[in-house]
Amino acid sequence: MEELVQHIINGLNLGAIYALIALGYTMVYGVLQLINFAHSDVYMVGAFAAYYGAMRFHLTDKPGWLSFALTLVISMVGCSVLGLCIERFAYRPLRNAPKLNTLITAIGVSLFLQFSGQVVFGADPKLFPEVLHDETLFSFGAIQIQLFDITIISVAVVAMLCLNWFIQKTKTGMAIRAVSFSFRSATLMGINVNSIIMVTFAVGSSLAGVGSVLVGLKYPKIDPLMGTLIGLKAFVAAVLGGIGNLPGAVAGGLLMGLCEEMVVAYLSSTYRDALAFGLLIFILLFRPSGLLGQTRVEKV
Amino acid sequence: MRSLLGWILVAVVALVVSVAATVGLNPYLQQILFYIAINSMLACSLNLVNGFCGQFSLGHAGFMAVGAYVSALISLNFHPFSGALEILNFPIYALLAGLCAAAAGFLVGMPSLRLRGDYLAIVTLGFGEIIRVVLLNLEVVGGARGLYGIPGTIDMASCFHAFFWAGATVLLLWRLIHSSYGRSFLSVREDEIAAECMGIDTTRTKVMAFVISSFFAGAAGSIFAHTTNSLNPASFQFVKSVDVVIMVVLGGMGSLTGSIIGAILVTILPEALRPLHELTGVDLRMVIYSLTLILLMILRPGGLLGSREWNQLWRRRAARS
Amino acid sequence: MRLALKDVSIQFGGLKVIEKMNMNIGDGELVGLIGPNGAGKTTAFNLITGIYRPTAGEISFEGQSVATLKAFEISRLGVIRTFQNIRLFQTLSVLENILVSMHPRCAYGLTAVFSQGAKFKVVEDEFRADALKLLKIFKLDHLAAHEAGSLPYGVQRKIEIVRALAGQPKLLLLDEPAAGMNHSETAELMSLIQKIRQDFKLSVLLIEHDMKLVMGICERIVVLDHGMVIAEGGPKEIQNNPRVVEAYLGVEDAT
């Protein structure tokens, strides 16, 4: 029983991170109907931005909440800037092109980031800066609650609450919702669609940045290809919840995290990654709109 | 009579290339030539699905892998011909490999091809990866270690074989495109709903393109296996599928000639970059590829040839009839 | 009875687009389907051709229910349409567009394609000859090699009709064939439609806003408003039907 609780805690932690990254995928898909393949690599760059930033500002000399917060900021800013550049130079020129062209470009950007990352950062893994020390906070029998676990869940929840407030209660957030609903109508209503898309990319990418710092805390090995697997799982989470649907991304993320944890705990760890692919294919073949999504009907 | 002419042309070209290669090229360059043949088959077959039928498949490496491993396994256990006639085994292996890959194409295509654009791309990507992961975990094919000691040599006969297959691929796909079936592929690409309303069974059409495409990918895989004499699932990652996509996009989606040119360019590029690699110690091949892909899509999505073939290079647009 | 719609309804979410529609089209009839914008005319076409499935009611063609048939199967039965927003195969040539419709009749298989056998040549030549013959009727044969998407709007509309004819339909559905045409072009189209109806022994159902064309060639007219049939009859009856006038022009104020 206690083991189960531990697994649930672990699963929720993992799921919270998947949710953060999934939100980025879903937001971009909502406004552009584009699967942003490069999102997972923006996440990776966030981790490296934090790495170099922490070194530059000597944040590891004084581990603690301030250093952690600064690392978060550095990663978020780095990711946002990168996300904005990608949108501006790779996707915007293709705004009116067939969707498939943009998809191919997204794949190109993703691979470009991965391989130039290997060239620039070096292919060998590096250690994420220790900007916070881990401690065991509570212990109930076999259940151990680490500081990192609490941090991850709290930061993720705060980020999601902020996003929710932003989307539901601000004018820009409403504009984003309008653009996801109907691109054309939004333009006709006087919304500057280019700015809205830029904001969407910036916000989505910074969430990935938050995710990369949280992951870096708990799994400090970082390398230029680290985004691929987690990006895939987060993408599956987004599709599971209904791509384009924000609460769906969160639900999907948490579900993915829990499922993965249970599969590793009770089935076998070799199948942990196959779960993602299998789930993806299953969803796309049998219920492409996901749990909470809606299908779009083509007008004839 | 006209039918035979095409085959004679293919045989002659294959003969000329193999003789010239054996006589004039060193083993290193000979192997590059083999890769050109293999990549041409891969690019032309993928173009059938992506370029002519308008369905975006990202799992081509998976079908190549199926063909490669099937061919390797069969060749390690069965030798219908031996001694001097041993060379005749290889066409049989390639044929069987192609058929198995085609079957895989059918299994993947049937459920997937009713999905639209980006979803189809993701599902085919997923299937390609699943095939690779299955091979990685299958002990009978060596798992992560891979298969070794696969029969096959690089000599004039095998070169003729490889280029005959490459030529056959182009010939058969050309004939397919210039037929009513080819037109049904194009109609699905242009407007699926209109095609349905004109009586085209769009699902069957897409599956047909997919299965034929997978057949040639599998045959290419077979030739690959018997050229490199060893196989490893790492050769069939998503990056390999992207390689083929780059060949097709670079050459021009909807142009068989373009696919051949794209295959040649993409095969030669790493070799051309080798001096740079040696100089800087850094492998820039994939960086250049991905950048090329991005720039192509933004600046010249039609690729080098658009949808024109070799006999239309002076025109601005394609015309098949 | 070629086409029979019995109490056909379709609903998208809460929106009832077509409600209890009844319509019959007999052999060789030329029927017009009219109504104000948004009445559901194109939706009716989509239902008949199998693009949408009705939420209630039955549609049958030549006595056979089409409820479980896919769109391409319905097309092969002989129900072929044109589209309100032109859906030609843009980058294909005019001839290729026509040839696509003939594919269901293709008598050769893949073996013949790969071996380029005699059957392949014979069928291809036959198809080409038939296609050019059809284009000649509409005086478009000189455009056979042109890229379809590069041609003027009015010409593209006519090509769509030829493409539909190439499928050897028994019921031809024309969705606003005269859209964007001037008087003389419309008059030419009117005689063309009557000619093909006669020569090919078709039934024709057409959607049109051009009343001159509708009243000029349709033997019977069905009027749709807000998804329901509000009137049916010959041209004179429809013109004098107050409900029809109301649907198009509204009701005069009591004051």
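Each chain carries a letter (A, B and C) given by its place in the written order, and its residues are counted from 1.
The rule is simple: contacts are C-beta pairs under 8 Å (C-beta built on N, C-alpha and C of every residue); 3 or more make two chains touch, one makes a residue touch a chain.
Quantities reported herein were computed from a predicted structural model and do not represent experimental measurements.
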item: Farthest-lying chain, centroid of Cα atoms versus that of chain A; value: C
item: Chain centroid nearest the full-protein CA centroid; value: B
item: Chain centre separation (chain B, chain C; CA means) in Å; value: 42
item: Geometric centre distance via CA averages, chain C-chain A, whole Å; value: 49
item: Separation of chain A from chain B, taking each centre as the mean of its C-alpha atoms, in whole Å; value: 34
item: Of all residues in chain A, the ones touching two or more other chains; value: 300
item: Residue numbers of chain C (touch at least two other chains); value: 51, 83
item: Per-residue overlap in chain B, given as positions that touch at least 2 other chains; value: 193
item: Chain A - residues contacting chain B, complex; value: 33-35, 90, 93-94, 97, 99-105, 107-112, 114-116, 119, 270, 273-274, 277-278, 280-281, 284-285, 288, 298, 300
item: Interfacial residue positions of chain C with respect to chain B in the complex; value: 49, 51, 70-72, 75-76, 80-81, 83, 87-93, 95-96, 99-104, 106, 108, 110, 113-117, 120, 123-124, 127-128, 145, 147, 163-164, 167
item: Complex interface listing, chain B residues touching chain C; value: 2-3, 6, 172, 175-176, 179-181, 183-184, 186-187, 190-191, 193-202, 307, 317-321
item: Residues on chain B engaged by chain A in the complex (per definition of touch); value: 56, 58, 111-112, 115, 117-119, 121-123, 126-127, 129-130, 133, 137, 193, 239, 242, 245, 249, 282-284, 286-287, 289-294, 297-298, 301
